[in-house]
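Take a look at these structures.
Below, subunit A partners subunit B and then partners subunit C, in two separate complexes.
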Partner chain A sequence: MSYMLQHLHNGWQVDQAILSEEDRVVIIRFGHDWDPTCMVMDETLYKCAEKMKNFAVIFLVDISEVPDFNKMYELYDPCTIMFFYRNKHIMIDLGTGNNNKINWAMEDVQEFIDIVETVFRGARKGRGLVISPKDYSTKYRY
Partner chain B sequence: MSVQSLVSRKKKSFIGLPAPLGYVPGLGRGATGFTTRSDIGPARDADDISDDRHGPPNKKAKEEEKDEEEDLNDANYDEFTGYGGSLCSKDPYDKDDEEADAVYEALDKRMDEKRKERREKKLQEQIEKYRQERPKIQQQFSDLKRDLAEVSMDEWMNIPEVGDARNKKQRNPRAEKYTPVPDSVLTRAAGSGTSNVLSEREQKFGGLNTPYGTITPGVSTPGTGTPGDIDMKKIGQARNTLMDIKLTQVSDSVSGQTVVDPKGYLTDLQSMLPSHGGDINDVKKARLLLKSVRETNPKHPPAWIASARLEEVTGKIQAARNLIMKGCEECPKSEDVWLEAARLMPGDQAKAVVAQAVRQLPQSVRIWSKAAEIETELKAKKRVYRKALENIPNSVKLWKLSVELEDEEDARIMLSRAVECCPTSVELWLALARLENYGNARKVLNKARENIPTDRLIWISAAKLEEANNNIAMVEKIVERALNSLRANMVEINKEQWLKDAEDCEKAGSIFTCQAIVRSVIGIGVEEEDKKHTWMEDAESCATHAAYECARAIYAYALSVFPSKKSIWLRAAYFEKNYGSRESLEALLQRAVAHCPKAEVLWLMGAKSKWLAGDVPAARSILALAFQANPNSEEIWLAAVKLESENNEFERARRLLQKARASAPTARVFMKSVKLEWCLGEISNAKKLLEDATKHYPDFAKLWMMRGQIEEQGGHISDARDAYNQGLKKCPHAIPLWLLLSRVEEKTGQLIKARSILEKARLKNPQTALLWLEAVRLENRGGMRNIAQNLMAKALQECPSSGVLWAEAIFMEPRPQRKSKSVDGLRRCEHDPYVLLAASKMFWSERKIAKAREWFNRTVKIDPDLGDAWAYFYKFEIMHGDEDTQASVHKRCNAAEPRHGEQWCLISKDITNWRLKTEELLPLVAESMSIPT
Partner chain C sequence: MPLPPALAARLAKRGLLPAGSESKPTQATSLSTPANEEVEEVFAEDYDEPMKADPDVIEPSTEIPREEPEAEEEDDTLREVPACPNRWNPYHDCTDYCRQRWGIKTWNPSDTMIRKRDRMLRKYPLPPEWQEIPDPETDRYYYWNTQTDQVSWLSPIHPNAVVTISAEKLQAVLRNDGYDKVESESDDSDEEGMEVSDSESSSSSSSDDEYDRRHEKGRISRERNKSRGGRQRDEIDPMDPASYSDIPRGGWSAGLERSGDAKTGVDSTASGPLFQQRPYPSPGAVLRANRGGK
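Moving on to the complex of A and B:
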């Protein structure tokens, strides 16, 4: 479903995308369109894009095409979701230990929407770190 | 699909554009990265991101699609072997590899199976041992947990909260601090233009010239230096000087002299004095300031008083007393301080204070009177006054106060002493004279005159004294002498003052003195041509002050000066009619007609007064005299006729009228004769007379009307019509004639004819509200509401300020619109009684009783001559008021004697009611009124 979502093709565009959004959360998926994890994630993203259009906007970035942020944001996972609000990286406590991003593919649309909404509400209040409504620590995953 | 459309619709400007040359991503927006996994994160280069695990899918072997995903999580890391997974995964996976893997797997399996039992047993043992050494926390507390069962619900709910263990500073985070903007910033902002204030340095060295010698070259000169630097210094200095000024204001200067203006300071403080229960800070501030005033200037009495009052207001009575006593010590010569002290002290202490005060200030009247006031017993008071008078024998106030306490006999003695001590006090003299008997009083007054030759009150009281002792002759003389001696003593005679005194005399019952004063004073200071005018004004003002004797005296004097002025006689007569008795009026009128025999009104007034008193022969004789004086006067003829007819002497009336017709054949005389005949039922006589009259006076509309009405009464409609038509030919502008004609037609059922008559009337008499009104009513009676509405609109256009029309219009509206219509009407003719009456009727119909009553009152006030208003009012009160209000309306109506109003005239002009008075008419008319709906 990646072809349905907006891609960004260079670092400048990524920066502009993050900067240009005044009152919506900018969700950026770093990864590869051909990556199976990303495919799962993109499916979810596509499904919820329309529902979240009032408070979030989604961009896809190919980390091979745009390697500029790999080091900065430690983009070593096949699929990484990051949230920005008014040029501020919004961290989210998912219970995984890494608060910076979601580095797995989420399959549940509603779950993802809940996370984004939490991010949006927190960011609006000026929070830099929000707590995910669901704990994604390993004990629940396995 | 919708997302795509969304994307395209809100396409961002940057989409699809290349990055600017040399752009460093992330830096442009100031992004910062993070390091969570330093082991792999930044250690790796950005370029080798595309390693095996993210290889393109076509390269990937099918077999390792799932399980060969390299996992770089911590869980996958081993110290010895590194990350799990194959090292050789980069190489192509061939058959050998497959075989080797199978062999290894088989080997592993076998090894696993070989020791499986033992290993598992061992593991179990190890775990158990471990558990024994380190039991789970859950187990450790299991005994305590068991005890929890015994905890009751109550105990559970009351487990105390854990307190906040942080210290106070941490617990209460400090509020955000705001530092004021430094002055330098402000001045820089202000001085960004050209600064036209010279700094001190500039002033010192003369303007903007650079002080050459003082500045080393290279350093910016003060004139051109940054404004911020200079201004900082200046501001500092200004602040210092301001502080200085303030300090010197409050504190004493070195020389010991105060620089504070105590008066100004105190008025400031006075305004600062807080009301009871005011701000505590204000009190403190005031106290501090007052203290500084007291200390800088301890000899200033108001400071002490103000301080004491402040304490009193704040409730510290004792402090106030202490302060004021200290004040007394500091300023022993100040009356005010002593009085304040006496006020603040309780009972006996106050006496002591006053005693001290008296010792300090034996000449102070106020302190003495205060001392007497404090004493409760009459005897003690008297004693105090005596003592006071020993010290200050010439104080009028003290004398008066002490005399007030004495009984009559002692007072007389005291006063005789008092006038010796204070010979210039008129009041004391007069008081003494009042207390003495006649002989002595005269003496006293004479003495007083000698002492005070310039006071008129002594003279006037002397005159009063004489009058009281029946020496009327003396009164006149005394007043004359008073004027002469006062003039001789260069006292200006003020007419207003004297008249005022005369009024006072009248109120005190000294009528003769009053008259004497008026007689001698009234002519003073009045120009010859103004005399009549001024006197009339004086008389009227006296009458309004209820000083009737004065007014009478003025009129009498005026009449003695101008005996032949009819207007003065008239005024005097009206005055007597309003305020005087019948006798005085008649006496006056007799004199009046003697002087002005040509004034018919005076004769008639005299006759009427006699007649009202029931003295008909006297009235007759007066009228006879009037005939002699004014032969052929229509008024007098008619008055005589009225007198006779009212007294049922119809024959005499008839004869009189006959005589009148012979000697003064006017239209009115004819009309009256016809009316008399008509009223007496002598229709044939009346007709005969009318024939005669209309021949003589064909353009007197009323005659025609009577003729028509008489015919109508007899049922001769066509004759009546003829009479009206003839009349209209002669006098086409007689509105009532037109109305009568139209009604006759209407009565015979010829609506169309009536309509055309009214139309003709309107043509001949444009802008006549009554004709329009009749037309509208005609339509209404005929049931043509639409035509009536149309006509009303036209009528209001033609006569927009006619109250009658508006009143009708208001009641033609349906009920909800009436109010707005009445507002319109009231705006157009604000003071029209008809509109007001309509409004009151409207309120009546809405059952707003109080409002209706108010409006009725307004109506009858604005036009008391409107009988309809009275009748409606009376009916209203009969229905909604009590007996009192009914009686009051009846009484007021009688006083007003209304003559107009449609319904009123209908009843009052009815021949059958020809001799009814207002009081009988009112209920009749009210009866005929319909209740407004």
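Moving on to the complex of A and C:
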């Protein structure tokens, strides 16, 4: 489903996409379109894109095409979701220990929409760190 | 209560001290300066010929008539050396003024030196192409290979003999080679010279073997210096991580944080509960940092 979502092809485009968005959360998926994990994630993203178009916008970035952020954002997972609001990185306490990003593929659309909504509400209030509605630590998964 | 000599000298200079006590401190100061000069002279002297004996040992020599006819013959090989005290300064070139002011140094070998030299030559006679040359600078003999133009302070077949090219030539080569090389060379020989002179001043016995032993000591100390210096350059400090792991050996700045070369965008110094609250910089800042790093 990656062909239905907008791609960004260089660092400048990523920067401008985040800068130009005034009052919506920018969701960026870093990964490869051919990666199975990313394919799952892109499916979820496409499904929820229409539903959260009022408060979120989704972009895809190929980390091989745009390697500028790999080092600084520690992008070594097959699929990474990061949230930005008004040129500011928004962290989510997912219970996984890594508050910076979602680095697994989410299959549940509603779960993802809930997370993005929490991010949006927190970021609007000026928070840099929001708490995810669901705890994704391993003790609940297994 | 006796005044310290420095204070006494100062007071005498200002006329605050009576003339009777004045003479003593001034004498002391006047004595101290030549002593200092002498010490400096020794250091600088060893720049040229590290193997040479201390002039303090030889200088108070009595003028003796030379018994050996061969020494008399070699008088024409004697170099004319001005008795300029700056001769041991490697950056000083003697001019005509030095010659006029200080005169020509006289060759006055001490009898102990002659005796030891005779003994050494009896044990280790000179090979045919070697010639004995008196050195007025040190009041000693050195040995010169007329074919290869090498010199030695000992007979070349002596086990402790160091056969090298002459210090003058070495100096000329080093001077052409570059300033820093000369510096390092002078450092080495300074250190070594100090050790040699130390050993000599401590051993005031006039045994015949002292002549040889002194040279042996000088050589050993130089070799030790050499090996010590080499180790400093090559061997790794056991506490250096490079000595027990496979990381490369770094210089002074290895491992320091450089701007734009960050491993990660987050604050890497944060730890504990702060660790999970480190936001990444915005993409614009990342791009700027990347550009700045290159």
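Methods note: the second predicted complex is superposed on the first by the 142 of 142 C-alpha atoms of A that agree within 3 Å, B and C clash if a C-alpha of one lies under 4 Å from a C-alpha of the other, contacts with A are read in each partner's own complex, and residues count from 1 in each chain.
Here is the rule we use: a residue touches a chain if its C-beta (ideal position, glycine included) is under 8 Å from a C-beta of that chain, and two chains touch if they have at least 3 such contacts.
As the structure is a computational prediction, the values presented were derived from the model and not from experiment.
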item	value
Subunit B versus subunit C as contact partner of A:Asp93, first or second or both or neither	second
Larger contact residue set on subunit A - subunit B or subunit C	B
Touching partner for A:Phe69 - first (subunit B), second (subunit C), both, neither	both
First (subunit B), second (subunit C), both or neither touched by A:Leu129	second
Which superposed partner A:Asp15 touches (first subunit B, second subunit C, both, neither)	both
Partner chain(s) touched by A:Pro78 [first = subunit B, second = subunit C, both, neither]	first
Subunit B and subunit C footprints on subunit A, overlapping residues	11-12, 14-15, 18-19, 68-69, 71-74, 87, 89, 98, 100
Touching residues (chain side subunit A, partner subunit B) in the complex	4-6, 8-20, 32, 34-35, 46, 49-50, 53, 63-64, 66-76, 78, 87, 89, 98, 100
Contact footprint of subunit A on subunit B as seen in their complex	2-4, 6-7, 12-20, 23-26, 28-37, 40-42, 44-47, 49-50, 53-54, 56-57, 72
Residue ranges of subunit C touching subunit A (in the complex, touch as defined)	262-266, 276-284, 286-287, 289-290
Of all residues in subunit A, those that touch subunit C in their complex	11-12, 14-15, 18-19, 68-69, 71-74, 82, 84, 87-91, 93, 97-100, 128-129
